[in-house]
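For reference, the structures are reproduced in the following blocks.
In what follows, chain A forms one complex with chain B and a second complex with chain C.
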Partner chain A sequence: MEILKISKEDFNSFIDEKRTASAPLEGPGDSISGHAEKWKTIGVVKKGANFVFAELNSAAELCLDYDVTVLPPKKYFLPPKETLLKFIPKKAESYAAVNHPGPIALIGVHHYDLAAIHLMDRAFSEGERDEHYMKRRENSVLIGIYPTKHYKYRFSSSVIRGQFRKAADIMLVAMNGFFVVEILTEKGKNYLQGAELQENDFSLADIEAAANKIKDDQKIPLPIELVPEFLEKNHDHSAWDYFGGKCFSCASCVLVCPTCYCFDVRDEVDLTLEAGKRVRTWDSCMLEDFALTGEGFNFRAGRGARFRHRIYRKGKHLFEKYGYFGCVGCGRCAGSCTAGIAGPVKVLKYMLEHKQ
Partner chain B sequence: MSSKPKVAFFDFACCEGCQLQVANLEEEILVLAQMVDVVEFREVMTGAAPAYDIAFIEGSITRRADENRLKDIRNRSKLLVAYGQCAVSGGINKLKNRRPGMDEVKKEVYGDSAGMPHLDTYPTKAIDEIVAVDFYIPGCPVNREEFLWVVKELLLGKTPRLPNYPVCVNCKLQENACLFDFSIICLGPLARAGCGAVCPANGVACCACRGTVDNPNKNAMHEILLKYNYTVEEIKKKFDIFAVDPEVQSGKK
Partner chain C sequence: MDKERGNTQKKRNSSLYLPEVATLINKREMTPDDSFFEFQLKNRSLGHLPGQFAEISVPGIGEAPISISSPPSKSRKFEMVIRRVGSVTGALHALKVGDSAGIRGPFGAAFPMAALKGRNLLFISGGIGLVPARSAILYALEHRQDYKDIIILFGCREPAQRLFTDALAQWQKREDIIFHESVDRTNGAPWHGNVGVITTLLPKLGKVNPVDTYAIVVGPPVMYKYVIMGLHDMDFSDDHIILSLERRMKCGVGKCGHCQMNDKYVCRDGPVFNYDRIKHLQEAI
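This part shows the complex of A and B:
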């Protein structure tokens, strides 16, 4: 839509204004219905030696110069644990959906995480539309930023294209003392109303250079278009047993993955047995019980089969379904794997080096 | 007579920390008290009953006299639940079993009084080494939310199924820094979750106080240990703290 700029100080004070605003919102979302609501404002902050997305108490906490966050921002749209509906046991008519998301702004989402949110948006809106996820997305503004820090496991440039722009409302490019602000949606434009935006006087070449300043150390070792067929042909590759033998089945790779969205749903009843709720939690195909069926049969009992399934999801199933590689190259899985085996780059390299 | 399930709590060799967790449920315990008849619970009340629908056993068995008391409770209970790691595996009390003999242990702890009859002790046993156990609630101490959940499942006639995934899951959900990143060996990848990863969240390595998952990948751990220059003996000592044997753990779900 348009390209402007804002000084970093002005950006921070604008964020704080939105965070504490009491004026009626002109922003997105139908849950607002004219009431004054503050923007819940999420940004990247430091947690010990790492970075995480967390609610800001002040824009001063923002650390937009970061390598990677422990968990991706999906936790705000698909929470690790959420109540879907409440009910009174044995009273079918008592079922009531729970969904009251207020407006939320996410600040500093890297382009690969935006690409992942775009994939999640498709997964939760096509076919069975998931109102819980979609309501939260509709009530959110995503302010992206191109990475300014290197992360040794990142390989996003070899797997994502421009799809991240379909999720972003605003993209920021950090330039000395300023953010170049690219407004991509009406939602983004509305959110920024009142901000001290200035005319952009940086050259497009300089902006481009700043946006692409960080180069990845790693890349998928074959053209991604060839990966689905490559995996198909290597269903019985020795890699699965090799990596399965080293795998703890701890699910770290899946929990930190921005494109993993599998969940479990169960009913929880009060001790009094008078009230209950249906709860959705994250699940993981790497855990032993994921494919355990009611009568005790586990259709993915082996670690190797589970390991293969995860790689197939990223490199084949999601790719074939959505036309995008199912992995966005954030490198979190590789970085969080105690056994050091989870990264798709490592797996595909091993498979190429050990041709069957 | 009330038709509510009769529930009793018993303790053997332990610090009573687990029943304290139950007593600390506070608000929930009032609801629980409406749903069941707590007929024996030394920490919070006086009283006794001839039979129980559910008996919760805390602590390990360290004296011959305790065996008879435990067997008597079992005979009078429909369901018997071992709660807390002392009851589940023997827990910390089992550390003494690694010593050559009980005489040495008694002398070290009680000095000149070691010969007193009430200090007679034998190698520690878990509850299921004496009687059949229907359900286990692991941990040192037990997680009181999990305790409550198990009670609820049992009251609903369901079979409680403990988390069968490692502590890493709890850590990742809280975005804790992984201790391996600081070259600290943590049993988290093998240990059964459900504790909320309180130790790693505070920078302390997991000691698997809840035992291991059903099917821990010991070979993978072995490779990691070599990478960090640890020996198998060193890691076994860590498992010994809570008397967890990864080889046989899968029997206790």
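This part shows the complex of A and C:
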């Protein structure tokens, strides 16, 4: 839509104002109760030696010059644990949906995490629309930023294209004490009302160069378009035994993945036994009982088969279904894997080097 | 052959996970582990098609996917046979007539009963596989003139595990049905029928025209491979074999990932599949 700029100080004071402001009625907000709510402002902050997405107490905490966050921002739309329904135990008449997310702004989301959110948007809106996820998304403003720091496991350039712009409301490019602000949606424009935006005087070429300043060390060893067929032909590749033999089935790779959205649903009852809730929690296809039925049939009992399923889901199934590669190349799985084997780059390289 | 789908759950603004209330109006034990349940929805009929399933829940215990065993014609009532295997099914078994449960659905692709009009139907049901198959069998019997021969084969582990024994006795007697039954072993119970796995019934059928007959196969996972081999021996082509598969399920709508088999979601792309469409999937059979 339009390209402007803002000084980093002005950006921070604007965010601090916004943190205590009410969200507009017509935009994000609680349309059921009809009154505006305060923005919940989330940003990237430093935590020990790492970076995380967390609620800001002050814009001064923002660390937008970061390599990668421990967890992707997915947790704000598909929380690790969320209440879907409330009920009184044993009384089916009492089931009531719980779904009133407040307005939320996320600041400093890297482009690969935005691409992942776009993929999740597709998954939760298609077919039976999942209002728990979708309402959170509708009540959110996503302010993206192009990475300014290197991360050794990142390979996003080889797996994502421009789809991240479909999730972002605003994209920032860090330049000499300023952010170049690209406003992509009406929602983004509304959010920035009142900010000290200035006319942009950086050349498009300089902006482009700054946005693409950080080059990945790693890349997927074949064009993504060829990956589905390559996987299809290699269902019985020795890689699955090899990696299955090393995998601890700890599910770290899935926990940190921005495009993993499989979930479990279960009931929890208060100690009083007078109230309960049906909760949704993150789940993982890498865990042994993920495909275990009540009668005891396990349809993916082997670790190699589970490892293969995760790679196929990213490289084939989601790609074929939504038109976007199911992995956005953040590298978190490679960085968090106990056995050092989870990264798709490593897996595909191994498969190419050990042809059957 | 296109999948058939019933009325999907009405759109809800609040949550697709919000169940409706169903009242238990009839219940009886069928085997020590399996009980028959008849439910009624408050304001509508379930609107399912043969072969679909629903998510049934007990608040405080949880939710489970259960096949619907009645044909769609029963108006606001529908039937299920539930095997007690875990906490949710255990809580369902503890329900009394008049109690209520949560229902979401119907979900999934149904048996293509309309497309099978004018054909012979060969039902092959193993154990609790008779439950989903029954919805299609009863539908076919209600529309008897629409189909040519109706052949029903039923097998289970031992006589004590036979389900719908009244219906089995009726089918045995009916002259417009070919019915054969077997048990894997008698386990000491009085039994005068066939003993052996279900595929031992196939040779009893003599000549079945494989071009004009569709096999509808539902049973435990181990059964499919052997039944398909038997059907191939009878010259059935893969597109004349229709299967209903079981998987772990949570959401019922193709999102939670538990039932995924290669790229297919069994809850949404199935549970009914034409074998021709899934035979290339390594995780299917």
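Going forward, the second predicted complex is superposed on the first by the 342 of 356 C-alpha atoms of A that agree within 3 Å, B and C clash if a C-alpha of one lies under 4 Å from a C-alpha of the other, contacts with A are read in each partner's own complex, and residues count from 1 in each chain.
The working rule: contacts are C-beta pairs under 8 Å (C-beta built on N, C-alpha and C of every residue); 3 or more make two chains touch, one makes a residue touch a chain.
Not measured: the values here are computed from a predicted model.
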Chosen between chain B and chain C, the partner touching more chain A residues is C
One more residue to check, A:288. First (chain B), second (chain C), both or neither?
first
Considering only touches as defined above, state whether A:50 meets chain B (first), chain C (second), both or neither. first
Inquiry  = If we overlay the two complexes on their shared chain A, which of chain B and chain C does A:330 touch? Say first, second, both or neither.
reply    = neither
Tell me the contact category for A:276 with respect to chain B and chain C: first, second, both or neither.
second
- Message: Touch test for A:71: chain B only (first), chain C only (second), both, or neither?
- Response: first
Tell me which partner A:251 touches in the superposition: chain B (first), chain C (second), both or neither.
first
Interface residues of chain A shared by chain B and chain C, listed 269
Counting only contacts in the complex, chain B reaches chain A at residues 28, 31-32, 34-35, 148, 151-152, 155-156, 164-166, 168-169, 172-173, 175, 177-178, 180-181, 188-190, 213-217, 219-221, 223-224
In the complex, chain A touches chain B at residues 47-50, 52, 69-71, 80, 245-252, 255-256, 269-273, 282, 284, 287-289, 303, 336, 338-339
Within their complex, chain C touches chain A through residues 8-9, 12-19, 21-22, 57-64, 83, 85-86, 89, 100-102, 220-221, 246-248, 250-251, 253-263, 268, 282-283
Within the complex, chain C is touched by chain A residues 84-85, 87-99, 123-124, 127-132, 235, 261-267, 269, 276, 278, 280, 283, 285, 290-297, 299-300, 305, 309, 312-313, 316-317, 320-321
